[in-house]
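As written, the chain order gives the labels A, B and C, with residue 1 at the start of each chain.
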Amino acid sequence: MRPMIIPLLAAALAVSGAASAQDKTITLGAAVQLTGRLANTGRYYGDGYQITVDRINEKGGVTVGGAKYKLALKIYDSQSDTNLGVRQYVQLVAQDKVNFLLGPFSSNDALDDSVIAEKYQVPMVQGGGASTQIFSRGYKYVFGTLPPADDYFASTIKMMGKLSPKPKTVALVAADDSFDVSVANGTRKLLKEAGLELVVDKQFRENNADFSSILSLVKSKDPDVILWAGHEGEALNFIRQAKSLDVNPKLLYSFTVGVPTADFRKALGKDAEYAFGMTPWLPEKELKDDWFGDAVQFDKEYQAKFKYAPDYHAASAAADVETFAKAIAAAGTLDPKKVRDAIASVDFQSLYGHIKFQPNGQISLPQTVIQIQDGKVVPIFAEDFLAKPRYPIAPWSKR
Amino acid sequence: MQLFGQILVNGILLGGLYGLMGLGMGLVWGVLKIVNLAHGALIMLGGYALYYLYTKAGIDPFLGLPLAMLAMFVLGYLLQTALLNLIVRAAQLNTLLLTFGLDVVFVYLAQLLFTADFRTINPPYAGKNVSISGVVVPYAQFGAFLVALVLAGLLFLVLEKTRTGRAIRATAQNLTAARLYGVNPKRIYAITFGAGAALAGAAGGLYGIVSQITPYIGVTLTAKSFVIAILGGLDKPLGVIGGGLILGIAEAMAALYLDPTYTDIISFGLLVVVLIARPAQLLGRA
Amino acid sequence: MNRYRWLALPIAAAALAVVPWVTSDTIVQYGINALLVATLAQAWNVIGGFSGYPSFGNSVFYGLGTYGTAIAMAQFHWSFGSGLVFGAVLGVACALLFGIPILRLRGPYFAIATLGLAAVMSAITATVEIAGKNIGLILPLFRGDKLFYELSLILLVAATGTVAWIARSRFGAGLVAIREDEDAAQVMGINTTMYKVAALTVAALFSALAGGIHAYWITFIDPASAFDPSLNVRMVIMTLFGGPGTVLGPVLGAFVLSAVSEVLASQATGVASLFYGFVIVIAVLVMPKGLLDLVQGFRETGWRYFVDNLRRYRI
């Protein structure tokens, strides 16, 4: 009954926060999709926020202008209903009077909810929305820890340039929601610059379950590479239907979601092999962190506490909380405007990576190309090759 | 030309499964005059039933289908007896609302019991296929298509040839007269709804093999089932399969020759056009 | 006593009008939402409650109003007022265009046809370039929730006033006649097609205006939220809960149910949707004629009211 735990915990925290007047608290608020259509990924955010807040408090909380503060978390379940989420954000700001805001999952929700942050001038650091739309409105109070959507395939395309045999033709299949359209637009530019030919460029309605027509078209064009952008459920369908229709890219296929996530690999079983993907985060020792030690520690503790492995969503969520901790301490005050300025100039190492925001509020992190080999996620390429890719990928008939 | 053939086959196979989805909804609507907004939830529950039969008990999905259907039949029978029979004679709007409430409850319970994780029913033959003169026919989709045809045929035979089936048709046409002939309406209604649920469950199980199951797949599937049931004439099993095929082929063709983002426009556009253009045939059933 | 009863309503309206100045921002937010949804319920009341044509697709008018306003403001850079008018025009045009063929259908077929219409419109909007396709549109940010609140209140008062007028007018009597026995009404000389289309148009007008206000208030719209299918069931259940075919029933039902669901969403988020489902099931079983009828029925027969309802409609 995990969904019950978070509001109960939040309630308990709130009560305890109110009861002990000596404990100074900074409350972070968010409406996250704990139930509903997006709960599958939404829970990474709720849990990521929780574990980070707890850890920061364990290590002494946040020092603001000489006084010690504890962090508190107030989370509502938006039930994957965007409109409800917006109302909950208003409640967080106007009624619960939280100090600062964390974000939901998904670009569409982040787009809507960030309006509240800007309207009420309360800083929001969100790690769930990557679409360029979020950051192109000139808002001052919204920051994001997911790298820009239009760059998602950048490292993959760079890698393709260094592979042998070198791919020449590409099929681009993307969903039509905000995030994936951004990805597709950016990818088209990158492909042109790299001199790759786009032989299939199809968009599908999000939540689509049937790819048979698109797959049959792709098969008839026989591309070297398939680049796919959408959500996890759709990716699952695409791969399984590709298998049953015996559609194989000549050289490789890559997906914007799913590959780094454990239950995706579990649902596909052996069919997940060879799939390429990308992630801005991997649990690596080199990612040092002031509170968790390093990303490996974070990964271990997260799994121990929540019984499932974190992926970049959870790490991004953790980074959001840490950003506030750093910025508030740097600002030396809880004043929203000053904290907002502190966030804009923040620059530190965390378990998620190097946190520094561009002028438009979005972080800039490179995506590491990963591949599923023997059921495991293997980092393949960042600036150069990190491991040997299994390339060209084996066609279905030979697996 | 080969691409066209492939798309046609894709559409036909998909259409079979669509037809199965519409079968249960059409039966319940045509006979009981109940518009079941929880139909998608029943599909979803059937999917989970088959999923657990496969993963926990190791029963092959196609063999486990009758078991899942039986479980769903019982569920449907109980629902009708305990709840739906209470509002059968109220305004039809009330059945819409009651079934909507049930849908909300079912989705919540499914989420609680099964979590939001994706579930796929992945028997070893799930990805295999056979190639016939260049056109690929996937085993799983083909199996689903066959099951849909068989179930539709069975339903047709039951309605035409068996005593219970005749009782069901009699109740659909004229409740009072049927009563005079000794039909027990409560029992017939419960059996009919149970059958509708069983068919929905079968569709769900097959859906889990070709796609995946979460607690939230119900909403879109209910909407699609409306289209299919209406296209097929509600409680005419063979017509509903035909309706499913029409929709499946139309969607597949539209995705290729128009644009994949047009599939919803096609499905619901068809619905609206059929309703507007053939009211005489349907009004007679109002 | 009766002479002063009519004062109750203007006083209530005035009390509602001062709410933004005496309560917190959250209440204002909740208020805007409740007022808009109450307007939708009241609009539905005209076509569903009075005329007996249960539309399950009024969200199409709401969505067209939302998009009309959004396109006007974001793409053409018109003012809010012009945007609202544009949205209303789109909604009314849809009602007139599709009303005639769809209103030929009866009962659940009409319901499904409207549902299909809403789905088609949503799907079409997601492919239209000027509407921003599936990504949606961003409107300019306006910090003025109090204004939106008052506008929504004015809209609800206008809708309720219209329904009050309909209830007393010949038009309304005609709609009720259509609801009770359409063939008899036709024989009696009522031009049923014209009456029905007029009813649908009135419903479309208010729904579209509600959508327009919603668009500017939310500042970001996309097909999924503008043509939100869950709105359809909500407006129906609220009207049913309050009392279909009455003047205040939909308003009452909307306020009560919104309050319940908001409280649940903020206090007991886990069980909110479960409770909502149960409420609907129980309401349909024991109070199918709504709150107002419940109050009267309870006065007359006490607890037997519920038992009677349970028994009345079963086979």
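Following the convention adopted for this analysis, contacts are C-beta pairs under 8 Å (C-beta built on N, C-alpha and C of every residue); 3 or more make two chains touch, one makes a residue touch a chain.
Given the structure is predicted, the values throughout are model-derived calculations rather than measurements.
**Student:** Of the other chains, whose C-alpha centre is the longest way from the centre of subunit C?
**Tutor:** Comparing chain centres, A lies farthest from subunit C.
**Student:** Check A-C against A-B and say which one is joined by more contacting C-beta pairs.
**Tutor:** Counting C-beta pairs in contact, A-B comes out ahead.
**Student:** Using mean C-alpha positions as chain centres, tell me how far subunit B is from subunit C in Å, no decimals.
**Tutor:** 31
**Student:** How many angstrom lie between the CA centroids of subunit A and subunit B, rounded to a whole number?
**Tutor:** 36
**Student:** Two or more other chains in contact with one residue: find those residues in subunit A.
**Tutor:** Expected reply: 1, 35, 176, 205.
**Student:** List, in ascending order, every residue of subunit C touching at least 2 other chains.
**Tutor:** If we look for residues of subunit C contacting two or more partner chains, we find 123, 126, 134, 273.
**Student:** Show the residues in subunit B shared as contacts by 2 or more other chains, in ascending order.
**Tutor:** 108, 259, 261, 264
**Student:** In their shared complex, at which residues does subunit A touch subunit C?
**Tutor:** Answer in residue numbers: 1, 3-4, 7, 34-35, 76-77, 79, 81-84, 86-88, 90-91, 93-95, 108, 111-112, 115, 118-119, 133, 137, 176-178, 181, 205-206.
**Student:** Quick check on the complex: what are the subunit C residues that touch subunit B?
**Tutor:** Listed in rising order, the residues of subunit C that touch subunit B are 48, 54, 56, 98, 101-102, 104-109, 111-113, 115-117, 119-120, 122-124, 126-127, 134, 229, 233, 236-237, 240, 271, 273-274, 276-281, 283-285, 288, 310, 312-315.
**Student:** Quick one: which bits of subunit B touch subunit C in the complex? Just the residue numbers, please.
**Tutor:** 29, 33, 35, 83, 85-94, 96-98, 100-105, 107-109, 175, 185-186, 189, 219, 223, 226-227, 230, 259, 261-262, 264-265, 267-269, 271-272, 275-276, 279, 282-283, 286
**Student:** Inside the complex, what are the residues of subunit C that reach subunit A?
**Tutor:** Residues of subunit C touching subunit A: 24-26, 29-30, 33, 123, 126, 133-136, 138, 141, 143, 218-220, 222, 224-225, 228, 230, 262, 265-266, 268-270, 272-273.
**Student:** Taking the complex as given, what residues does subunit B use to touch subunit A?
**Tutor:** Of all residues in subunit B, those touching subunit A are 2-3, 6-7, 10-11, 14, 108, 111-112, 116-120, 122, 126-129, 131, 136, 138-141, 210-212, 214, 216, 220, 251-253, 255-256, 259-261, 263-264.
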